[in-house]
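Order of writing sets the labels: A, B, C, D, E, F and G. Residues in every chain begin at 1.
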Amino acid sequence: MEVYVGLGLAPLILTIASFALPLISLVVGDRKWFYHVYGLVFGVVALVYALVSYNMVVVLGKPIIYPFGGWPGPIGIVYEVDGLGAILGLLVAFDMLLVILYSWWYMWERDGVEWYYTLLLLLETGMLGIVYTGDIFNLFVMIELLAIAAYGLVAFHRSKKEAVEAAVKYSVIGATATTMYFLAIVFIYGTYGTVNMADLALKARPWLCLHDVDSCRYLALVSGTGYGNTLIATSIAMALALWAFTFKAAVFPNHFWLPDAHPEAPTPVSAALSGLVVKMGAYATLRFVYTLFGVNSTLDMVVSGISLRDAILVVLLILGAISAILGALVMVIQDDIKRLLAYSTIAHLGIVFMGIGVGLSSVDVGIASIAITGVVLHIINHSFGKTLLFMASGVYIDAVDSRSINDMRGLGKLLPFTTFALILGLLHLLGIPPLGGFFSKLLIYNALMNSGLVVFAIILVLSTAISILGYMKVIVSLIVPARPTELIGRVKEHPLPVAVLFVIALIIVMLGIWSLSGGIDYLSSLLNSVVSIDGAREYINSMTELSSRLAGLG
Amino acid sequence: MRIVKALPLMLLSFIVYIVFTGSIRLYDIVTGIAVAVVIGLITANVVVSNPSKAYSINRLRWLIQYVFHYFLVSEVKAHLDVIRRALSPRMPINPGIVRVPYRVESDYAEALVACSITNTPGTVVVDLDKDRRIFYVHWIDVKTPEPEKARLEISELFERYAKKIFD
Amino acid sequence: MVTKIDVFVAISIAIFVLSLAYITSLGGLGPLPPVDVRDIAYQYLNLTYNPWRRFLTSFALESVTAIIWDFRGLDTLYETAVFYGAIIASIALYRGVKITHSRGGTGLSPIAKTVTRLSFVLIPTVAASVALHGHLTPGGGFQAGSIATVVIVLAIIVFSRYFLPGHGLSKERALLLRSIGLLGVGLTSIGLLLISFLLGVNAYIFQNQAKLDAPLSYPSLVDDYTLGGSLLFFNLSEFIAVAFGFMIVFLLLSVSEEDVREVVTRD
Amino acid sequence: MTNIAVLTAYVIVLSLYVNLGIALYGIFARPSLVKKLIAITILSDTANAFAVLVGYRWPRNALPKPPVIPELPVTRRVLEEYTSSAVDPLPQALVLTAIVIGLAITLFIAFIIIQYYRLYGTVDVRKVRRI
Amino acid sequence: MSLEQQVTLFILAVFPLYLLAFTLYIIRAIRGPTIPDSVLAIDALSFDIAAFLALLSILYRSPILISCAVVLSLWVYALDVYVSKYFEARDMGD
Amino acid sequence: MIVVLEVFTLALLTLFALTSVVAAYLAIRERDLVRAVVFSAIQSSMYALIYYVLMAPDIVLVYIPVSVGLIPAVLLFVIKKTERYEGE
Amino acid sequence: MYLGEILVAIGVFCDLAASIGMLRFPNFYVRLHAATVGTIGGAFVPLIGVALIALGAEWLGTYRFFLAGASIITAILIVILAPVGTHVLARAAHRAGVVAVKPKVVDHLEEDRARIKG
């Protein structure tokens, strides 16, 4: 039986590692290098497991399953990784490794390293769990794990007023949002009688039973059929869940915590938050809108001429458009470099949500597939780009001990390597052709144009155009003025962050080249399972196949 | 020394465990003994100060006699009294805080007397002065403000038993 | 003192509530009052203790504990991790604060102190009973841990914050014990997996009883009397972890403000 | 008879919704952070109560039972009786997890509120906004 | 009439009185001019609820429900203690 | 007999739910935070009773310590360390 | 068994009386006595009664001993803890001056405290 222990083990090992860290800290005491090495080791371990899982998915060409405790299907929790999950898991593990490496430099002189790494490992656990899990309640638990680690890390600079205020705001609204998601789970369980994702995907598409008799028989045996008014309950559950997810992804009405929270965290954590954590909201939205309640599902039933799913997607499109414009506009007037980057995150998440919104029922599956490819590529591009930018900004902030762009005037000439990487990152996020960012924006733009949503395509371009101003402001004020004389000699580049920055810069360039040379096709071949009906069937079947065998029925 | 102190606690803990579980299968007895040993050893130094008292059967007998006497006589009388006051339309109350001196020595005896006073409706220990050995008792019907007479009314019985049990 | 925002929020929430109520009246929550449970619940109820399906049961009498630590053990492990993360984040807020271990403090009245001493024996016994019978009667690790927390809260509040450290239970030691409990949880979850590596057979993470393709199992039955397999270990570890976790929380909360303020607000 | 039962059930559900609304009002409109924290606990409790209500049942001609097997030598008859009368254990397990998670979040927010007060000297968000 | 029915009827007959008492306690707890009043009312209420729960578990024929009563009585005592500590002490940890 | 019990159960649930609404409302409206905590304790015990009647002893065992015991304790610690009255 | 029912009935009566007293008594300190009636008469006695009923109730199955044992333990805990709870509340109320001892004949505690201070 093809069961992959590594898949289930990856987050678990990180958890146990972080459980053990305080115990070890009682022995190790003040020897800080140990914690750094510890963090790095487990970062590498997670990366290895993520790579193995990714490889499995690619080799097998279908979603891989890990049943915990040997319990079949909807009875126990399963981890189910398809192409989307595998790619994002790899991204998380790789990016977190870079963050940990950067933390070596950033946290070397600071106190509380053991708690920092404990929380960072928990953060990584949460993200890996979110992308791997095949169970919506487990998703809730992982979101909370991610959230609590994020709150703790945002408040890590405890003596800074703004940091504490941001943490309060973040945690109060975050607790509300996740409670709403829990309520959504209650509604879903109430109406479908299951919390397993594959099971839900089948229950939401009853007509699939015409083709997949085996899966249907198994699942009907184990978890029955729907209860009550399925459409109503699903729509209310979707509304509540999307509230929570848009909060996590900082899309327009729920974006207000991000510009406070992200800049106030320690710089590597800002990079992780902006680069990865907000993407988890986008990932969960993707799962809910496509895998669980995709085209022709219960949610897609037409009520008085309008499909509810389309309405939800249009709302997502509009919210995405507003946050793309809003993020870009507010970004331009920022003086604080980390705040500027945070607003840029909002703008990019808006673009991602516009991409997610393409999959209307009237739109051809091929175009939706292009859009999803664009979304995932954009998530990857933005992750690396934003990580790079935050890390570079950390170097500047360390140099001048201030976050204002005005204080950094001319600093670019003193820190040439960092500045080079920063400019590369900015151009990457802007979407200058040879770099990776261009291709993802192009894909989303194409999808929007082809599906007749021209307005949104224009908004995408407009948002990019506006954000040029903001990015140029950073570049110009770093390069053009004369070098600040009082800083000469005091400021020099530490090799470690520069190395990390260069690794990311290299990745960015590689992403561009890779996208040009067939990477997009490769990606869309991995991702088409998300959008297409065949993909959904594969998702369901690979779960039921293993489960019915485990239950002794197959 | 510690074990000598812990033994009565272990016994107490074991009895509580078994009564709470309500069954005497092997599993319960084994785990009960384990729990009792652990808890007894941990809390021995905090809870018990003079172990020799804990081993006297006589004191246990007094305790049981006290419990019966207390619940069957004093409590019933006091309950009826307070319920009468609560339900009668004129509400004949006459409250006040009086000094009640006490003569018992040990902490546990003191606590026993105080709890008994509080547990009897009609009297509540509001405060106590350890140096001057006085309870301040809130009395629903102050028959006399004089401490010694109040002591006779309120706590004479409890003290007699408490002295026998703990001192 | 009703502001405009108040009214706006109240109205929007009222609309939210009314729409929820309307939707429920259309049948969103299923039939009310319910007559039957969901089909999957039958599976859980049926598989909790089922000697006739030897390879698909968890041999516990309590379905909820069985779900928590066996059917859906992963949730609970990560839930423990969330709780742990909250405590770690709080400790990180208080890093560098020295808790003085000297005796002192006034505490509450002497009677309360005496009775609390007595309850140090009774309450942990009850808690341990709840923990050790978690697979038989309602209860389990977390429940027992939070019952045992009564003792800790009482010790801190009735005596003073110096009482527990004065008797050898400082914050560091609590952290040590808590970590041991957590590692117990973690190791129990991968215990059979580790053994299976040695024996060269198949096993799953969180496996409790033997499955069709995984022959290992934790001890479950002693002549018809269920031991609950891994549930017992989980409950015990969780009991320790939760009780001492709360102890850390309350020790941190009770630190005197003067001690903390300068350390924590310093740059 | 059945109508009355259905009506009462709706009253219960409706009062839970009202609680939900009250809690949301507390979170969004009350100025004090401690009050917000209280409101958050009420909110999550209400969500949990919903979950348990979803898992409840009143089997025909029998009393509902808690999801614990009531007799020790488990025979087929005991198991059958148990399966046909016990309430749904899954929502209860989910709620247990959710309660613990909510507690964890509450604890952390409590700590951060204390820290907030140390830095700002108030827990009133309006005053801080004015600064 | 069997013993079982007789006990059930007895408990059912007793319950309205309990509920009446609870309502009165709750009114006192909500009205209570001072906080100690409210806490006292909750205190008495919860101890009575503990007894009520025990009866309820007989009524529902599920004896295992009883362990909740212990917890309730324990934690309400703790509530008493820390409310009084709040009023009495300068600092909660003192 | 069973029908009587069902009606009785529903009546109990309604009573507890309505009381919890009153208590929650008072907890949110009250300006004295200590009283708000006390009200939220009432509300929590009502919820605990609801759970009990809904046959969830495990949840009651968790919920009572958490909501009647620990959260009020934590909140009182917080209020003691910060300020007692909401608003001005 | 019947003794148990009688105890429960007594408990209910005490409970009701206590709640009425709780509502009618004019002052916190007087209400303390009503609360004592409520805890001892209204909780301890019926719990013992429940234990007695449970021991005789064979239809409850094997767990009835658990019911009886747990009720007895609860009763004992209530008897131990309730007076302390009342006592600490009264003490705190008096010390913090939250409640005035309004209808009173004497208040020796107030006098003594004033003497120590003054």
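The rule we apply is simple: a contact is a pair of C-beta atoms (placed from the backbone, for glycine too) under 8 Å apart; a residue touches a chain by one contact, two chains touch by 3 or more.
Keep in mind the model is a prediction, meaning the values are calculated, not measured.
Fewest steps needed to get from chain D to chain G, stepping only to touching chains, is 1. Separation of chain A from chain B in touch steps, taking the shortest path, is 2. When each chain is reduced to the average of its Cα atoms, B sits farthest from chain A. Just to note, of C-D and B-C, the chains joined by more C-beta pairs in contact are C-D.
For the pair chain B and chain D, the distance between mean C-alpha positions equals 39 Å.
Averaging C-alpha coordinates per chain places the centre of chain A 29 Å away from that of chain D.
Centres computed as Cα averages put chain A at a distance of 37 Å from chain F.
For the pair chain E and chain F, the distance between C-alpha centroids works out to 12 Å. Shared contact sites, meaning residues of chain C that touch two or more other chains, fall at 20, 29-30, 33, 38, 40, 44, 62, 64, 71-72, 75, 79, 82, 85-86, 89, 93, 108-109, 111-112, 115, 118, 122, 126, 130, 137-139, 142-143, 147, 150, 153, 157, 225, 249, 253-254, 257, 264-265.
In chain F, the residues that touch at least two other chains are 5, 10, 55-58, 60-62, 65-66, 69-70, 73-74, 77, 79, 81, 87. Of all residues in chain G, those touching 2 or more other chains are 13, 18, 20, 32, 34, 61-64, 66-67, 70, 73, 77, 80-82, 84, 86-88, 90-91, 95, listed in ascending order.
The set of touching chain pairs reads A-C, A-D, B-C, B-G, C-D, C-E, C-F, C-G, D-E, D-F, D-G, E-F, E-G, using the touch definition from the header. Interface residues of chain E, counted against chain G in their complex, comprise 3-4, 7, 10-11, 14, 17-18, 20-22, 24-25, 27-28, 34-37, 39-41, 43-44, 47-48, 50-51, 54-55, 57-58, 61, 63-64, 66-67, 69-70, 73-74, 76-77, 80-81, 83-88.
Across the interface of their complex, chain G is touched by residues 70-72 of chain D.
Within the complex formed with chain E, the residues of chain F that make contact are 1, 4-5, 8, 12, 15, 19, 22-23, 26, 32, 34-35, 38-39, 41-42, 45, 48-49, 52-53, 55, 57, 60-61, 64-65, 68-69, 72-73, 76-77, 79-81. Contact residues on chain C toward chain A in their complex (touch as defined above): 20, 23, 26-31, 38-40, 43-44, 47, 55-56, 70-75, 77-79, 81-82, 84-86, 88-89, 91-93, 95-96, 172, 175-176, 179-180, 182-183, 185-187, 189-190, 193, 202, 204-208, 211-214, 264-267. Residues 9, 12-13, 16-17, 20-21, 25-27, 31, 35-36, 39-40, 43, 45-47, 107-108, 110-111, 114-115, 125, 127-128, 130 of chain B are the ones that touch chain C when the two sit in their complex.
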